[in-house]
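Scrolling down, you'll hit the structures one after another.
Shared between the two complexes below is chain A, which pairs with chain B and chain C, respectively.
== the complex of A and B ==
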């Protein structure tokens, strides 16, 4: 065929492989995960996620520099996420609506559901993609810092235990934050409104938590103040981390002792269940529309 | 009797709280291009959604490609394609990316999905523009992308819901030609809906007419256009009187404006027309062999209850 002539070969049947639902699920996870970082989308939609990734990495870079130059450990692994919670919140608000809103707004959903993809497949793939996106955002800087610590060869043993605890906690953060953010975002097909709803939820939760904890602390009721901290999803997960891995609490007041740890874990599970149930209800309705 | 059955419904019903969208529909569809005709709200889209397993029927059963909709919906969805009536395209991706993604959702591996997407977009007539964002497309181009995503996984049957909606006359012609090619050249069976009867006549092998969720008629195009021979009669004036006289003589007459379509029972029909015109002393302008169009069938069924009271309405393209 070196003549360079284009032949119209007519319609060809597809005789190749037809893979199952698992393939479609994986493809949808990858597609959504790439989309969460603006990959495969316009150049403009890459700006925000990449800016946030860079901002998340800045403390890690600073920490490595301090370790290399001053031989001092500055930022811990266990409190990295709570320290950076505004950045994480912006990422959740900016990117979670992208995963769910366009398919609802532009009515792409029926095209998925007229294929072997089911509603649970679709919702599951979106949740898995968002969990992976949040995990990449928060686990990358923690891991970069740890690799830095190993390379710099600090005096004393490396903080491997704290790092591994923080990594496990990152998974809990990712699951909780992804389920909540997607559930909130899925309730409006408009992306702008979704962004506002998600950010409002986290600001409200952390604001209410800070105010109430402050009030009870000033009344010298530090036990109640500790419970109030758990209204903030970030401190809720941190309380679980303190309980499970014995890390230093990141909050201004100590978390409630005794039943506090198990209750925080139950709280995390409750939020995740609520988020998933809300998503299931939302999509059951959307699918029959 | 058709050699093979593509889909069959049996007493299929769907009741919504306030409206019955499908009412005991029993119909069989064979290979080729089948038109599903009915006014808006006649139950066409509801039928397609039930066949895809997106909506549960209130009663009745159906088989698509020999598979039961109640138990084999995933297998059905793997083997069919669906082009919805409504917009369903995200604006910020290119047609290529979108169709590749949809091919993967149908189970095609990534490389195969790329190849099939390029092929299919070429077949529906999207060329260089397929790399641009869909947001900037014309209605005609968007309809082509919607069609491409329905064909990309090489289904055995496609459901096309109002594919000519919103297109200008030229776009409509091109879409209809494409549908004809899908049925004839690609070898994919097509169920295409429209509320415009005339356009389906040009591409369908078989037409099903539904109204208010009920089956009005299901027959092949040849039956529609040949079995029901008519003769068109045009007189200078007095067509009302002529129609009345012909009916007295036992002929069935359908007024089409100033023309009368008279159903041919045999040679006696021609004699009846001749005699009636002579008796009434009318000036005959035209006496012509007419082939009934499928519109007439629909008009008949719609006008039937009113025929007694001398209804000369000619606008009845079907119940609203």
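== the complex of A and C ==
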């Protein structure tokens, strides 16, 4: 016979407003975006992202100084990102595992899913946050240089067209790099290994592309050399920029002409789709586990 | 050298699917060598470019980073290192064992593929294959010691090691000649340059500087790692 008694120990119901799925999504985006720059984390986690942002801004500062003192335009807007490739790669490698790895490693995904957030919401929020982080990293120095150019009042018209083209291209860069990096990072729950996997992908792509393009160029097959450049995701986006906005190519060899531009755009779309599909597959598995 | 510790470390780096990351880079290198052979541009100049930019410049630091930090990083990250440190094994022995594991992995996954790729391209011409193989081996040993030390010093070892390899050795080393004197990659290139008689392999670091530097860095990093493990405290982070 049971003598159990249920005591009322004063738990209270939540009677405030239920903010719902959209609010949860926004909160997750903001939290992840802040985390990508180390905000809301320990002081040590702020060092790397802030250092990288400063390094990204250095050429912009130099460009403004050269414009102000020597009245010369040094760094273009269209080739800023390809110039700073290693820095962008390190940012992607260092920060994208932070967005996805800890939740997978500590198996807290079910906690998120016990809220109105669904799996596509969660993945979408992470991708949106990473896109915004990359966009901030690469569009800020370009914009700073442009504002500098306007303030310095250089002779001749400002390069507004090139600036706007570069800004639109940064969106393409951000979407492509964020989707790929998050997809690669999500396959390794350990952060160190995630960093290594992401950088391995970008270094392999750029290394293979440089070697093959160099070899075909030395065989005087410049058309094939141009195609080989497109293996590197950074030059792939640059080729799209050259095709869409008519900017100067940033690569050591000309990109393939004719079908090259549309194929490069298809390549970008293909990579993004592949990244998103991989993320979807990864999280379908993680959510059920 | 403690075989149990070595076994655990090997499993941490190449256990389960993790081996694919270490296999990927050498496979791409050998694939490139085969491809270059097929398109008929397997000469000394191509071999020099491929081996010094891709094998020594990209593959070696990256595998060094994966193996060097991989033997100790995950254990520190999830705190299981305390179980290892609580055992009556001298800490410097643990450091030495982990270093030997990392160095042996680099010999298999970096130095050997470099030799094979060079051999595929130019056979034994001008000792290029031997030179680069040995350069990669010695450079790999130094990288193993340095990145193992980095793994015990900070939890962001992979990122910092990456910044060293990409920014210091790549970006700064490409622009400032003086920075090349203090770069493991260039020391490895110096050995490859001296051993091979080819004119296409170049470096501006002398062997008289590179060899003492490699020895000092490797032994110094190893001693520091042992010392660091002796006074290791496990603290939470994030």
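Following the convention adopted for this analysis, the second predicted complex is superposed on the first by the 276 of 289 C-alpha atoms of A that agree within 3 Å, B and C clash if a C-alpha of one lies under 4 Å from a C-alpha of the other, contacts with A are read in each partner's own complex, and residues count from 1 in each chain.
The rule is simple: contacts are C-beta pairs under 8 Å (C-beta built on N, C-alpha and C of every residue); 3 or more make two chains touch, one makes a residue touch a chain.
Owing to the predicted nature of the structure, the values given are computational and were not obtained by experimental measurement.
Engineer: For A:285, using the defined touch cut-off, is the partner it touches chain B, chain C, both, or neither? Pick first, second, both or neither.
Structural biologist: neither
Engineer: Once the shared chain is lined up, is A:215 touching chain B (first), chain C (second), both, or neither of them?
Structural biologist: Touch status of A:215: second partner only.
Engineer: Who does A:41 touch here: chain B (first), chain C (second), both, or neither?
Structural biologist: A:41 contacts both chain B and chain C.
Engineer: From the superposed pair, tell me which chain A residues show up as contacts to chain B and also as contacts to chain C.
Structural biologist: Looking at chain A, the two contact sets intersect at 41-42, 45, 102.
Engineer: Mind pulling up the chain A residues that touch chain B in the complex?
Structural biologist: Touch list, chain A to chain B: 10-14, 16-21, 23-24, 27-28, 31, 40-42, 45, 102-103, 106-108, 110-118, 287-288.
Engineer: Under the definition above, what is the set of chain A residues touching chain C in their complex?
Structural biologist: 41-42, 44-45, 47-48, 55, 86-87, 89-90, 93-94, 102, 190-193, 195-197, 199-200, 203-204, 207-208, 210-212, 214-216, 218-219
Engineer: Residue numbers of chain C touching chain A in their complex, please.
Structural biologist: These residues of chain C touch chain A: 18, 21, 24-25, 28, 32, 35-36, 39, 41, 45-46, 49-50, 53-54, 57-59, 62, 65-66, 69-70, 73-74, 77, 155-160, 162-163, 166-167, 170-171, 237-238.
Engineer: Can you list the chain B residues touching chain A in their complex?
Structural biologist: 52, 54-55, 74, 77-78, 80-82, 84, 86-93, 97, 101-102, 104-110, 112, 116, 119, 123, 133, 149, 153-154, 181, 185-187
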